[in-house]
Each structure stands twice: as structure tokens, then as C-alpha cells.
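The structures come next, written out as C-alpha cells.
Same chain, two partners: chain A is paired with chain B first, then with chain C.
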Partner chain A sequence: MTRSHTPWFLLIVALALAAVYLFPLYWMYVTSLKTGSEMFANPPTFWPRDPNPGIFAEVWGRRTMPTFLTNSVLIAGGVTAITVILGTGCAYVLARYRNVWIDIGLFCVLMLQVLPASVMVTPLFVGFNQVGMLNYPRTAVVLAAAAKAMPFFVVLVRATFMSVPRELEEAALVDGNSRIGAFFSIVLPLARNGILVCAILTFMTAFGEYIYSKSIIQSPSLQPASVGLSGFLGPNSTDWSSIMAYSAIYVTPILLAFVILQRRIVSGLTSGALK
Partner chain B sequence: MSRISNWLRDGVGFDILLVGAALLFLVALAGAPLVYNVLMSFQQVDMFTLGSLIRPFVGFDNYIAVVRQPEFWLVTRNTLVFVFGSMTGQFVLGFALALFFAQNFPGASTIRGLFLVSWVMPGLVVGAIWSWILAGDFGVLNVILKSLGIIQSNIFWKSDPNFSIWAVIIANIWLGLAFNMLLLSVGLAAIPRDLYEAAELDGANAFQRFWTITLPMMRSTIGAVLSLGLIGTLQQFDLFPALTEGGPANTSNVAGFWSWQLSFQLYDFAKGATVSVMMFLLVLFASVIYVRSTRHEVRG
Partner chain C sequence: MTAQIELAGIDKHYGSFHALKDISLTIDKGSFVALVGPSGCGKSTLLRSIAGLESISAGRMSIAGREMTGVPPRHRDIAMVFQSYALYPHMTVEDNLTYSLRLHGVGKAEARKKAAEVAATTGLTQLLKRYPRQLSGGQRQRVAMGRAIIRNPKAFLFDEPLSNLDAALRVQMRKEIRALHDRLGATSVYVTHDQIEAMTMADWVVVMRDGVIEQQGRPLDLYDHPVNRFVAGFIGSPAMNFMAGRIAESGNAVVLDGGAGTLPLARHVEPGRAVLAGIRPEHLVMAGDDASFHLTIGVVESTGSATYLTSPDGAFQLVQSERTTLGPGDRVGLTIDPVRVHLFDPQTGMRL
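== the complex of A and B ==
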């Protein structure tokens, strides 16, 4: 009797754990809907008494969110494009051969994966300053962030290529395909799903990029949404409903995309992350 | 001409082109800056020499000056507390959750997947949310802790020097927990079921099974997860500007944020570079462990 009840009991515990873990997200949405006096009520209300959805439109306009979000999308798009175009080929070669040189290449990629952005930002800024890249700050951020994103992408996509059977490519070569032809018509289509998942992950990460943008981009009209948020966020901030409304507008698209693609993202990560 | 195009289309040239383009890009934007960073840490860099490559060479002066800064040892201690606090929390809680979700019940993998939303969220937004939850006077965490009777009066997480670093650690544990759990779940799933069945037949209890089967079988996964946790924690930056800005009085400052402050708030690029070289040595140490623990898997 107890045996048949156990799975349902575990399910309830799991839901409770998820509720505790996701509480910060819930709190972000609830706070954004609260009005001034209710926000500082003691004890706090866990459901807004008098929801004020107008805050979203107000923050959207007052904080020039369209500009910030456009810049975020441009930066994330640029980073994703560079990472996918350069990283896919690199991952393919690293997956196809197995010798000392490939081991050295993989080792270098793994080492680059661990470099903290806070270590790289000082030399990148001074270097960009010297070659005049600071006149194109958004491009500079795209280049810097792409170099940060690429090692992780290569490691994950390499795992995808490892799962494409070598025999299919060899058969195409025997049938008279060139290497380029076999790569584009056989290998790439078979690895398409894995590459797509990794590209989406790269985009999501770059969409939240902060440190390079904050350090390199001075003009507010070119800054991404993360820098825009930092503009009214600090140890002494009090305008919490605006901050939470801004955050909610900023992350809801990412959260929706993640929930829709969750199964694929998780399986893409688990196949590659530890290999 | 046609020989070259053939070589590119059908030979090793194709591979070299693919790998070469990516490596050139990475060398230019990751390798070169790293070397340049080390170079700058031995130079005198100020507003007048910022634009030139050849600057006065000062030997170890920058290193000596950094170590003599009054906050140096405080930042070092904070970095260690931050790294070990975050890693321990992420690993222990992540392992517990991974063990829980490894049981067989409906919806297990879907609910586990939901945890990962923390991982795709921008670090600055996570910092903003936790900044509000941890707020001293109106923060919801204080209310919950008080109603549970754990604390008597409000804790000012972000402005109390005794707690400020823990405010960042709490947010960082939340951020990294899910990724740890996912990787450990993968490791757990790879352990053959029949090992447990055999142990159960031999009369081993749950604790013995965990100690003699799970832990030894997970050894390489645990090594990789711990080193990835160390690397991820050292990479954490966004939470600091969002939560405490290193304050009050540097009690929550760590090496990464300090280096950024020196470069971009005090415009002392030489010291910023010096601190980041020191931090890089720490990361190097972590990655050697990481590569060692995943080596056999990389060679596959």
C-alpha cells in the first residue's frame, strides 16, 4: 500500500522544493505589481492587494527600455553569429581527429573557458583603446564577449559532432562529395539540433552580459539592458517596484524561451557538459 | 591555384582553415590580452602612457604596491570565504537535490529542468532580486526568518560588515546550485542500477550504499563539478555591483571586483592588471585540477 503512494509523495515534495527555489522569481513579479505603500508593508503581502500593471508601461517609457533592449539584442545577436560561425568549424575538427595536436588544441580551449571576464576586461579595454576600437564600443563588446562565449560553445558542440557517425561522412566522400560538400550536406544537418541549442544558450548568456558593456560602452544610447538596470540599482536603492518591473520585462522573454525549449536545452547540456 | 583550392576543398587544408579561423580569433581576443595583462603588471601605466605600448618598466613595484594596500589581506580573505562558502553550498545542496531527483516519480525530470532557470538569468537581475529579498528593513528573508523564530531582530545583510559577504554568497549559491545539480544528476544516472540491487541483497543500508557505491562511482564527476564550481565562482562578477558594490568598507570585496574597481573607478590600470594576474594564477590552479579530472573523458 505504501509503495504505490510513495511516487506521489515524492512529487509533492519535489513541487514544494521547486516552489522554494523559484520563490525569488515569484517575488520579482509580485513586487513589480505592488504600489508604494504596500511594498513596505510589514508583514509583507504575498499577493498584491491592489495590482498595478501600469508600472510596466511606465518603466518601459521612463527608462528608455526600447533602446536598451535593442542594444542587448544586437550585442547578443553579434556574439551568437561570431560564435556559431567560427566555433562550429572548430568543434567539428576537434571532434573528427584524435592526436596530440587535437589534445593541445582542446587543452587551450578548456583553458580559455576558465578565464574570468574580470581578468580580461582591463587588458581588453587598454588594448581596444590603443587600436581605436573604443570609437565602436558595441562592436568591441561583441568581439570581447564572443571570445568569452566561444570556448564553452566549442566544448558543447564538439560533443554533438562526436555523436554523428563517421561512416555517413565517409560514405559521402566515397560517393564523390568533396570535404566541403560532405560537411555542409551530411555532417551539419545531422548536428543541427545540438548546434541550435548551444546557439540559443550563447544568445541567452550574451543577452545578460554586463561587465564588458559597463566598462567599454560610455554612451547611454549604445548600452544594453543590463547596464541600464545597474543605473538605478545599488546598495541604497529604494525604488524596488520599478527595479523589479524592469527586471521582469528584461528576463521574461528569456524565461519563456527557456521553459519552451527546456527539454532540449537540458539534454544538450547533459550530453556535452561533462565530456 | 587549383591545387590550393583542391587542398582546401578535399584535404587537410579544410580542417586547418576551420580550426585556424577560430584559433586566430581566440588568440587575438583572449590569448593576446592575457599576455598583455602580464606585461602591464610590470609597467607604469597612467593617463599619459595609456595609449602607448612602450611604457616605463617598473619591475615588481606594482605587486609590492598592491600587497601593501590596506585592503589587500581583507580582499584575499573575502575571496577565499566567497569561493569556499559558495562552492560548499552549491555542491552540498546540489548533491542533495540530485539524489532526490534521481528517484523514480512522475515529472521528476521536468521539475528538475525548471530549476535551471536560475542559470540562464542575467547575473545582474539575480543580484537585483536578491538585493530586494535581503534588504535590511523591508526584505522578505528577514520576515521569514523572524516568523520561524531563527532570528530576533532584522539582519542588515548588505550593510552589516559581518554579513555583507554572505549576502553575495547566498545569491551565488542560488545562481549556481542548479548547474551543480544537473551535472551531478548526469553522473548519478551513469551508475549501473544492478550495483545497488546487489548491495541491497547483501543487506547494505541506504547510507552504506551511498558511501560504498555512489561516492566512489562519482569520483570523476565530483572532481569535475568541484573544479567547475571553483572556476564559476571566481568568474562571478555581476552580483557584486548589484548587491553591495564590495562594501561596506571592502568587507564584501573579492579579487575580481577589486581589480575592476582599480581599473575602471580609480583608473589605476597597472594595479588592476596586477590584481587580475594574481587572480589568474588562482584560476590556473583550478583549471589544472579540472583538466586532470576530465582528461580521460576528453580523450574519450
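== the complex of A and C ==
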């Protein structure tokens, strides 16, 4: 194969992989618009014969989606806020100081990343129960999910801080700034893109959080959309188009936000080069 | 002359590594001091200690008569130019220049006026609205300089500021920095590993090795009277030649080992003593029958203005200002003015 063919070949592979990954998304939207009989037609139809857009409004009202989505946004927002504020400080310290204790700390942070939520949920439930946090189940979920999101955020943002040259900070100190002042006026603006990307990823992960919410939040009025979706899946539920419509409403905003922000993030990452 | 920076018994440990060992140094107001030495000698650490970016383990320092030990950098009123320039990438040139003024509460209009003045003296007037990434290396260097001079600090600290520039620009900036220093009447401390920079720019050169000041003095004094073998080999380019030998019976000549020849001395030294004779390549003179010793030539390099001759093993070099027809394998007779022979103790390396 000559070199000029390689990019074309790779492009085809990339497109094929993208198609495989995006097909379920496409299928979700298409299925939500289909009628019951068309859904199981063989051969399957790739575009609904008789689209029914009214299903979205119907599911929106019937499944109290405004409540579920509000809870999802509250939980994801809370998780992101806690993670960004605490995680940024933590990542900065881990990036700027080098000694044995910092290495041990970093190792512990990475170990936390390894523990799966399903293992952590029982001890967390017992702990929250003892301190009375189960009376505030959404707050409890925010705390638990923030703890889960923190290691990933810290490790990534630490790498961002390490890419900001130390000399810039020192120049600010010599120029007359304090350590905290130098952090806010020099380091933070330069690390902003990295922090933003990690914050968005954290928000999206928390938006889909399921295990903690399902286990800790009992009242349907406080549950997020992910738990609400599982309410469909009873032993004899066959209302697939409603499930798909629900999923579409749940996923589309976050998808749109990602598509819009992605351009900005990618351009921000490349133009923010430091030298 | 009053002392602007005084260091007394400075020690610095990094864990078990002793980076600075009992450094005492007085820097006069208005002087240009170069700290020079091989990498890892502690010169940058010393500069960063003066800036307050490194804490010192022991000792005292004062700047402009004020005790500065343990004082954070922002209260020291010093300016520093970094090797990488350390320009703030997210700020325009103007904002980079005025950053320190804004921190010290200078009004916006006045800060801009000062930035314009500094830009005029450093040739940046056209570039005030640009970002650092849109500037060339030399322009960034000027911004870094401008940022230092804008607030009239007690001292300027330079940390190898020219090492990222190409050779021609480096020679030019060398002169500009020195001219700026003289115009501002500033006190400057300049760290470099390049002894040419130290020799050409500084009034006072401090040679460091392994965290110790080996010698300090005026540039030409260091060149003429190096106190030990290290300083002798470090100052001067090309480096000094060293030859082992023994003092002759008469006490006023060195008999070189291996029957290479005899070097005359201008003074009397204890006969029979083993010595290391140091000869600068530019002090050797071609001679005929009265040659002190002979050298076989390995490599001939001509630059037009000078000819560099190197022995086949690369250990011995001489510089001639005349052009030569000599080629590899030829033998030349050499002689030297006796006052220009340096003698060192082979064991301690100290000057005799």
C-alpha cells in the first residue's frame, strides 16, 4: 500500500467504527417514532412508515419527565460543582509539590478510581443511614457520586496543571503577586480549557448516574431520569416506543450540548498552546 | 559603593543534596555581577534564593539594606528575567508589561503610559497589542526585559536569558542588556553557563562549582590570575592547556614530563616539585631553534581571523593570529613569555 492510500483507508475504518457506535442512537430515535407492529417487522424498516411525533409529548407528561430531568440536572450540577471546586485545588497541589506523601496521595486517588460504585454503595448506604443523610437522599447521592467522579477529574486536571510551566507562576510571584493571586490570575486561566473539558465529562457522567440514585433515593419525586427510565422495565413491559421516546428526550439535550461545546473545546485546546 | 545585595553564609539543602555551601557575596549598587559555572553548580539556585523562589536552609541575606531572609518574593522588590521568558500567554504584550504595576495598584492610564515608555526603549511599540505566541524569540526576550524594567526594582535577576536565542541575536542582546543596565543605573545579577557572556557583560564575575564560590573578581583578573585549575580551565576560550612537569634544578623552569621540553619561568620555585603548568592557547608563539617545546599537529581550523591548531589527541590547542601553511603531522616549535605560564599543584589544583 502506498502512503497516499493510508489516510483514505484509515478514514474508511473511522467512518465504519463511527457508524457502528452511532447506530444504536439512530435506532433509538427511529424506534421511538414507530408503531408497535412496525417495530417487529422483518425485514426491519430503517425509516418509520408512519412517524408519530406525538409520542414525545405524551411520554413527557405521562412519566412526569420534568421532575425526573430536574432531579438529574440538580444531581449532575451538584456533583460537578463539588468536583470542580475541590478537585481543582487537589489537582493543583498534586501537580506542584513533589514528595513521598504526594505520591502516596496520588496512589490512593488512583485506587479510589478502581473501586466500582456497586461495591461502594452498600457501605455508603449504611454510613449515610447512620448520620441521617438518608433524609436528604439527593444530597447523599451528590456526595457519593462526587466522591466517585473526583479521582478521574483530579488525575486529568493534574495533567493540565503540569502542562502550565512553573516559571509563569514564579514570574507572577516576583512581579508582586501572592501564591493564591498567581494561581487565580495566571495558572487558572491557562488551565481553564482542561478544567472545562473535565467538568463537562463529569457533568455528563453524573447526568447518567444510576446505581447510587437507585439505591439511595426511594421517593419517585426525588429520583433522576436514569432511575425513572428503569421504571418502564417491568416484568411485562412492551412499550418500547415510549421507552425509546423517553430515552431520546433524556439524551438529546446532553448530546446537543456536547456537539456544540465540542467545537469550542477542541479549538480551545489547540489555540491555548503555551509557547 | 554601597552594597545592594548582601549574602552571608547561605546554605541550601535539597534533602541530602547540599546545593549551596556557605555562600557569602556582596553585590555593590550599580554593578553587573555574573554567576557562572557548569550546570549543576548551584548558580541558578543561588539566583532563585535571592529572588525568594527558593527558601534557604541557613544564612542571611539583605537587599538594599533590608533583611530579606524568609521574605516572600513579592515583598523583595526585585525583577527577574527567566530563561524561558515566562511571558503570560493569555495576556497581550501591554498586559504582560503592566502586570506588576496593576498588582501594585498603579492606575490604568498611568500603567499604559509607562508601558508605552518601556516599549519605546525596548523597541516594542508596534507590538503592544500582540500576544506572546505571535512574537519571535528576540521580541519575547525584549518583552521579558521590558516587564523587568517597568517598575524600577531594587535589582534585576537574569537566569540564562539568552540561551534560547540564536548566536547572532545573542551577541546583539548581550550588548543591549549591558547598555540598558548602564542607562538605568541598575544592579544586576546574571546567571550563565557561558563564560564569554560573563566576561563580556559583567563588572564582577563569580565562578561557582558544586555549590561553592571558587573565585570572584573582575573579569580580567580571573583570566590573568585564576586561583585554581578549575577556574583556569573554565575562564578563557579555547580552554587553557595543562601539562604535567617538574621544577628544574635551577628553580626557574619546568621540565615537562615525557621529555616534551622545558618551559621558562619568570620566578623562582622550589626545585624538584611536581607541578601542572597551564598555558593559554593564545599565548603560545611559534619559534624556530629557541623553541621551549615541540608539538605535533593533528587538526588545523582556520576562521580567517585566527587559526586553531590541535594536537592529534585533542589535549593541546593553540591559537595563532597569522595564517599558516602547516598541515596535520607537521611539528612546530613553540615558546611562551615566562610571565604567562601558570603553575598549579597537581594534587590540590591550587595556584602556586
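We take it that the second predicted complex is superposed on the first by the 240 of 275 C-alpha atoms of A that agree within 3 Å, B and C clash if a C-alpha of one lies under 4 Å from a C-alpha of the other, contacts with A are read in each partner's own complex, and residues count from 1 in each chain.
As a convention for this text, a residue touches a chain if its C-beta (ideal position, glycine included) is under 8 Å from a C-beta of that chain, and two chains touch if they have at least 3 such contacts.
These numbers come from a predicted model, not from an experiment.
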Joint occupancy of chain A by chain B and chain C, clash or fit: fit
First, second, both or neither for A:Ile186, with chain B first and chain C second: second
Chain A residues touched - chain C or chain B, whichever exceeds: B
First (chain B), second (chain C), both or neither touched by A:Ser178: both
Chain B versus chain C as contact partner of A:Leu11, first or second or both or neither: first
First (chain B), second (chain C), both or neither touched by A:Val121: first
Touched partner set for A:Glu167, first chain B, second chain C, both or neither: second
Partner chain(s) touched by A:Val100 [first = chain B, second = chain C, both, neither]: neither
Three-chain overlay, vertex chain A: chain B-chain C angle, C-alpha, nearest 10 degrees: 90
Least Cα gap, in Å, left between chain B and chain C after the two complexes are fitted on chain A: 7
Footprint overlap on chain A, comparing chain B with chain C: 178, 273-275
Complex interface listing, chain C residues touching chain A: 48, 51-53, 72-74, 76, 78-80, 82-84, 86-90, 99-100, 103-104, 133, 147, 157
Interfacial residue positions of chain A with respect to chain B in the complex: 6-8, 10-11, 13-15, 17-18, 21-22, 24-25, 27-28, 31, 39-40, 42-44, 82, 86-87, 89-90, 92-94, 96-98, 103, 105-127, 129-130, 143-144, 146-148, 150-151, 154, 162, 178-180, 183, 201, 204-205, 207-211, 214-215, 226, 229-230, 233-235, 237, 240, 243-244, 247, 250-251, 254-255, 258-259, 262-263, 265-266, 269-270, 273-275
Chain C-facing residues of chain A, complex: 165, 167-168, 170-178, 181, 186, 189-190, 272-275
Complex contacts: residues of chain B adjacent to chain A: 9-11, 14-15, 17-19, 21-23, 25-26, 29-34, 36-37, 40, 45, 50-53, 97, 100-101, 103-118, 120-133, 135, 138, 140, 143, 147, 158-159, 174, 177-178, 182-183, 185-187, 221, 224, 231, 234-235, 237-238, 241-245, 247-248, 256-257, 259-260, 263-264, 269, 272-273, 276-277, 279-280, 283-284, 286-287, 290-291, 294, 297-300
